[in-house]
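Scroll down for the structure; my scribbles are underneath it.
For clarity, chains are labelled A, B, C and D in written order, and residue numbers in each chain start from 1.
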Amino acid sequence: MVVVKRVSAYTICDLLRLLSGGKLAVRSSRACFDLYYVGIPILSIGIGLLISAIIFYTVGVPLDLFINEIGAGFQSYQTLRYSVLLLMLSVGLVMSFKASVWNVGAEGQMIWGMLAGGFVGLFIASCAIYVSPSELSSYISVPGVEVLDASPVKPVISVLRMNPLLGQLLMILAAMLAGGLWALIPAFLKAYVGIDEVASTLILNYVAYQVYNHLVAYVMRGLSVQARQFLRTDRLNSALLFESLPGTTVTLQEVILSLLFFVSMLTLYKYTSIGLRLRVAGSNPQLLRSVGIDERKYVLMAMLLSGMLAGAAGVSILANPGIGKLEKIANVVTPPTFNLGYTAILVSWLSMLDLRLVPVYAYVVASLFQGGGLLQSEVNARFPGLSLTGAALTYIPIGSILLVYVVLRVLVDYSVRFRR
Amino acid sequence: MTSTPKTNMLLVGLVIAIVVVGVLAFYLGSVIAPTQIVTQATKTVVTTKTVIPTYTPPEKIKAGFIYVGPIGDFGWTYMHDLARKVVAGLYRDWLETTYIESVPEGAEADKLEDLVSRGYNVLFTTSFGFMEGTLATAKKHPDIIFWHCSGYLRNDNMGTYFADLYQVYYLNGLAAGALTKTGKVGYVAAFLIPEVVRHLSAFAVGAREVAEQRGLNLTLYVIEIGAWYDPTKARSAAETLVNQYGVDALAFTEDSTAIVEYAQEQYSLGKEIYVFSHYSPMYTSGPDVVVSGQLVRWEVIYADILGKIKAGVYTTTNLKNVDYWYLLNTGAVDMAAHIYPNGSLMYINPRFSNALKSVMVTDKTSGQRINVYDLIWHRYEQMKNAPMLIAFQQLASSHVYENVSSVAIMIGETSISYPIAPVFEPFTGPLSGYKIDDPSQKVVVSPGARLGHDDLWSMDWVPDYVRIIGRAS
Amino acid sequence: MTSEVFFPSNKSTQAQTPVVSVCGLWKSFPGVTALRDVNLDVYAGEIHAILGENGAGKSTLVKTLYGVYVPDKGDITINGVKAVITSPLDAMRRGLVLVSQVPQLIDTLTVAENLALSLRQFSLMSSVKSVEKFLLDKEEEYGIRINPNTEVWKLSYTQKQLVEVLRALLLNATLVAFDEATTLLPSSEKRKLYDFIRLFRLKGGAVLLITHKIPEAMEISDRVTVLRKGEVVGSFKVGEVSIDQIRLMMFGERFTQPSSTGNSERCVEGREAIVIKDLWVRGDYGTYAVKGVSLTVHRGEILGIAGVAGNGQLELVQSLAGLRRVEKGNVILHVKDGNVEVTNKGPAVIRDLGVGYIPDEPIKTGISIDNTIEENLAIHPKLSSFLINWRAVKDLASSLISKYNVTTPSTTARVKILSGGNLMKILIARELMVAKNVLLAYNPTRSLDEVSAHYVRRLIRDKALNEGMSAVVVSEDLDEVMEVGDKIAVINSGRLVGFFRRGVDRGEIERVMVT
Amino acid sequence: MLDQVQGFVLSITPIFTCLYLASLGNSIVEKSGILNLAIDGAYTLGTAMAFIAVASVRNPTLALIITSFLIGLLGILIAFLTTKLPISHGAVGLSTQFVGYGLASFLAYPVSIKVRNEGVPLNTYLPVTEVVLSYLIISLLIGVITHVLMYRSRLGVAIRAVGENPAVASSLGTNVLGVRVIAAFMGYILIGVASSLYILLYTKNWQEGAGMGYGWISFAISISAGRHPLVGMVTSLIFASLIRYAYVLQDILISYGINVSNYAVIAMPFIAAIIIPLTASVIPQMRRRFTPPKHLGKIFFSEERSV
């Protein structure tokens, strides 16, 4: 048996020394699952929060308020909605990251999920039609019919055309298909043309936003007066909306979907050759080619999987009873995806690309977001003089956690050794 | 087993199949569930009936505001926040407020839940896009009062409110018509939605009224930028209007000061462009170019709403019909570009008083010769003095009476026309225009006919002399 | 020896301080200790050869000197001053230059641009034009003719090596290390390079010549140090010891073993298994590396291909495995079901016919070091189905581990913690298992100890004999080819230049290999 | 005619400089092998800093210098982290981007309130012909100088070498860290200049979210120009005029009966950034020019094992 020699000197001080001078050497370590695996993410969250707390303290946010509110984020049941969506997204991203396919295009894939899900929901599973004002009252009691616009001139109703459960199912499948197909574009570019996927997926997000705007404003624009004028679609028939769990904004369907994805991806990853090949495609694609497996197909597979899951996350946002319609994006900074596609990258990284840890960090990151939001309302109520923006309160903690993590991550893959 | 391409296809198929089967299984499982959903629904109905009548105004009102933009936009959100500060100071004995800014549309439900969990009991959401989320949350929390700005969906515990500026735009249009040298005025629109269409049409009507008498064939050039708040695009649109279309007076609906700053900069280069500040007092950004502007005073509405909640007038059961539609007569909007440190308003920039006074026109309501400065004030007074109107402006059901200009009543033997609405309304026939989405479709307002709330609410046409250049949609 | 002409007094050198002195150097990589307590002195005006077989630590030593690797322990002294070399830049500043087997040049840049990176006399802001001009002058002086304005990817291999030599000359280095830099050169070009080396020595520089070829070392160098398994086993002046003694030092016990086991000559008739007709394949540099090779291997027969590295055998095996495009000619595999033309059909089709492949760069293409042993087995489509039965894979892994005597903590250990030999065993075990019909192998027993190597060779022969597997085994180690092959083909400059039966005289093969 | 040309040049220059200089900076950074995903964060932070600087020092040129220097320091940090440590460039870039967004909002927002409430005059550049033209000339000049530097000087050779193959460049005697630090410093200074001009020459005021997205447009422009300083001039000009004349173009097209969506115009640079490398990869002559540096975004870490 080989005795695995462990190099013991890795502390933050070593890292600092490493950064400061040439006297330390970094080399591949053989650590696979040890304390650092769990410790580094927690440490980076801690340090990142500390940095943000200090930054906010300098302008007058008391430390205890910061801690209280971030802590409150962990207890708020609102956290659940974003953790569920993040779980769905991150599980897909981990699958592609494992294959060394750095999909930062989950935003665009979610957008396509919303579009496809919305299209099915609005035009196939149900449809909006004009009725004559006199007939309007006779429709009101018909099951599956919903009045979208009760204007006396041109009333609009939405008619359910199929079993709502089937309709929801179709919406989800269409969303997954659309998200997956959109993800295949950069996948093809990477596999067959050699265009770096980090840049192309990122750029395609912006294309997706504009396609979304175009489709919402021209193609899917609703019939009701409000929809025609406010550049949005009609509201989904309420039978097609997902069901909120009591007391929260989380829907039953998205909880089930995310658990389903979690379990299926875990199974796929662990017990099937697809999972194995994705793993090997990430660590050594040439091996795949040499044993007669086309490694390029697994680039496609990785993107397809993460795109499909992102699509499902997109439709889950759309079908939430609090939203239920597609509306033009006025500012790309606040897209209808709430930038969850980017946040999910954070979750995937923090979970060290280990599927089993994804739910944990999905919850942690969602709590931080929630905490940032709570902090904002609390600061606004208590310190009217402070001019702190929402962007500052969410991006600074997230950015600093991520940056600290990225640097500390070195300690997991490599051991730092002091030389002379 | 042997053929690899086939195996690959199989693998892809299997992955999809796994997911499909899983989703199917979930739905097959939940086919049994509908009974549960039904019982849940009925239960809610039952509880609603029993719980709701016992609403007593809270000892301490905690009001939360959800803003769509940053409070530093110096437009829409800035003015809402200013109003919040005013009422917070006014009702400080029993009112506590907070706000969450820059909330993306779609996330409002979560933010509302957060505020509810923090004990906020009156919640305001100030963007049209927040409507669905607000309604969903309102239905979930029947014991809390919700107010949504600019929407049309209401609930027992959710009312709507809005302050509209079209009358002020008309007044500013008069000034623009008097000042323009080229006969070309411009408008930068955030979106061509009814609210903005009203604004720009009223501006066009006013400008045309004066310019026509000066012998100019007035055209209003419009660019839609597709964003409520985008200083860069707004500036770029203004540049295009000025440089490519020869526009020399600009009004806009966009929440930043970018256009005012642009005009001021052009002034320093020797090019005079008249500009009308929007929503907030923007005079300081362009003291040499701002003629006047539209100013909103949400505190008029907020003070009314919060006061009535405290007094027990508005409860969680009676808001279904409450829909504020406040115009110039209520004081919720005003014509001004600046608030002096002592709190008084600068209605018209003194720099331009003489220029306005030097243009003589005929007032079409009275037929008298009058200078434009006086005409503006005359119209202002006409629209401002309509106390009767306030009665209709708070309820959805009474908006229909707003275009009733007068009723005929018998006093003794004589039938007299008793005035209800202001003597003058900008959108009074004869007017002719075309639909924005389909320019071939013409719209005609017959002479003397007055557009009321319901027509204006869904206004989707512009007068003939409006030319839409760039559309974001 | 020729060296005496240029360097009259060896004795005075001994007295002066060495240009480079290495003392007690240790260097280990995860799982392997590459250098153990190495001591070495190199003097000015000396050509110092470092001999050792593949994997003896020669390259690690020179890369450590050059600052590519950081040593774990030990000191490097340059001109009597202790030096910490952490980067090639450090090394170059101290007058050390490395010329390696793989040209260390950037393909997309021109010759002048590449050299500009090294030439300190030009400031950062100086123009490439001035460098070009300088180069033209210098090339004139040294008699090297390469247009400095050519992009490197357009150059031939020899030209690239000349550029590297030119660089060493221009830098006025005190020590130039040639890391197998002459191995791949044709002999005429090799002489040219030797001239430059001598020229350099004449100018007072020290040369470190890393090679595994004893004759080469004997021909040009003044002093030889032999490394084996990371340790210095001897250092002496040329002429002090015989070639056989050096061989003994290089190979240790192995050399004393009989050169082949199971000497019986098999006469394989049977049906044809691999038929290659007029195969043309391009190498990495765009030129034809395999030029019209035709071969037939019968069922149950092992073809050994001998040749000096870089003569096209690598490209030949890669094209047979479907990993390199065949430009002309075709390859037909005769398997149990029939004849399949596999030319340019891709690895999937070829592997599906029961072909095992032991590649040239195991870590790059044969095994994934970040994955576990089980995963490295299960990744082969023949060894697992869609749903992976990990229990079966574990059993398989355990049986292979005991069969091949692999040293590993467990079957789920990541391959990167294994030593090179154990890693090779995993690869060989997997590929022999899937090689139902054909085995393609390139240096299959590198990094294996002699006992394991013999064992593996016997397994290959047994499998050929008992199961009718055909094999093409390419090796840079002639002994291996002679031991394992039923037929021996010799490849030289991309052409097959000789066919031999098993048991042929070694000298005869060597003669064909080098001419 | 001359007037029209001058008018066109004047109207397009502010946006052109904002895009071109940033894309130029991006090209330099990426040529050295650093995947520059922090560009949008740096751009946003740059606009915020330029605003704060001009509000406090009241001199646009001084503000420009301060900002570009600070953003240059950010570049050094990124180069340092990505070269010294074996960590993912994408991770460093994206997290720096988030920090940039957050800090921009955090730092500039209170200043913007103060400026508004106290009526602090912002001494930004006046768009008079001389100033605008001088900035046009300066930016074109910087482009030419960059081209000479990248393709004709030893430093440029070193930068490209480090991007192509840092290990070989290092064994040829290049200080990889040093070269990357220089490249990133230069590149980020240019991004800093561009983002300052966004405030000082183009929008003249800071508002929440100012500059966000322009980093990505510059990034896309840089890629669609194959990271070439001179080709970048042409692509920047095209995209600047598309952005500047989007409405006029739409008006003209509509008058010809072509109803083009504004969104297509907005998405154009992004689509081009994908399509151009794609077509370039099909046409062999273009391929060499347009392929990204071979080692772009790859971890540079010399110690590897071999068998």
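Assume a residue touches a chain if its C-beta (ideal position, glycine included) is under 8 Å from a C-beta of that chain, and two chains touch if they have at least 3 such contacts.
Fair warning: this is a prediction, and the values are worked out from it, not measured in the lab.
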item: Remotest chain, chain D as reference, centres from CA atoms; value: C
item: Chain pair with more C-beta contacts, B-D versus A-D; value: A-D
item: Rounded Å distance, chain A centre to chain D centre (Cα mean); value: 28
item: Interchain centroid distance [CA atoms averaged], chain B/chain C, Å; value: 77
item: Distance between the centres, which are taken as Cα means, of chain D and chain B, whole angstrom; value: 38
item: Computed distance of Cα centres, chain C from chain A, in Å; value: 48
item: Set of chain A residues in contact with two or more other chains; value: 25, 27-28, 213, 217-218, 272-274, 292-294, 331, 387, 389, 391
item: Set of chain C residues in contact with two or more other chains; value: 30-31, 70, 348-349, 352, 369, 381, 385-386, 416
item: Where chain D touches two or more other chains, by residue; value: 109, 113, 208-209, 303, 305
item: Chain D contact footprint on chain B (complex, rising order); value: 69-70, 72-74, 102, 223, 226, 229, 231-232, 235-237, 239-240, 243-244, 256-258, 261-262, 265, 268-269, 284, 469-473
item: Residues of chain A defined as touching chain D within the complex; value: 18-19, 25-28, 55, 59, 102, 104, 189, 193-196, 198-200, 202-204, 206-207, 210-211, 213-214, 217-218, 331-333, 342, 345, 349, 387-389, 391-392, 394-400, 402-403, 405-407, 409-410, 413-414
item: Chain B-touching residues of chain A, taken from the complex the two chains share; value: 76, 78, 81-82, 151, 165-166, 168-169, 172-173, 176, 213, 217-218, 225-226, 228-231, 235, 243-244, 247-249, 256-257, 260-261, 264, 267-268, 272-274, 292-294, 297, 301, 304-305, 308, 317, 320-325, 327-328, 330-331, 334-336, 338, 370, 373-374, 376-378, 380-381, 384, 387, 389-391
item: Contact footprint of chain C on chain A as seen in their complex; value: 1-2, 4, 22, 25, 27-30, 32, 271-274, 276-277, 279-280, 283-284, 286-294, 419-420
item: List of chain C residues in touch with chain D within their complex; value: 29-32, 55, 66, 68-70, 87-89, 92, 98, 100, 104-109, 113-114, 116-118, 120, 122-129, 131, 167, 361-363, 369, 416, 420, 423-424, 446-447
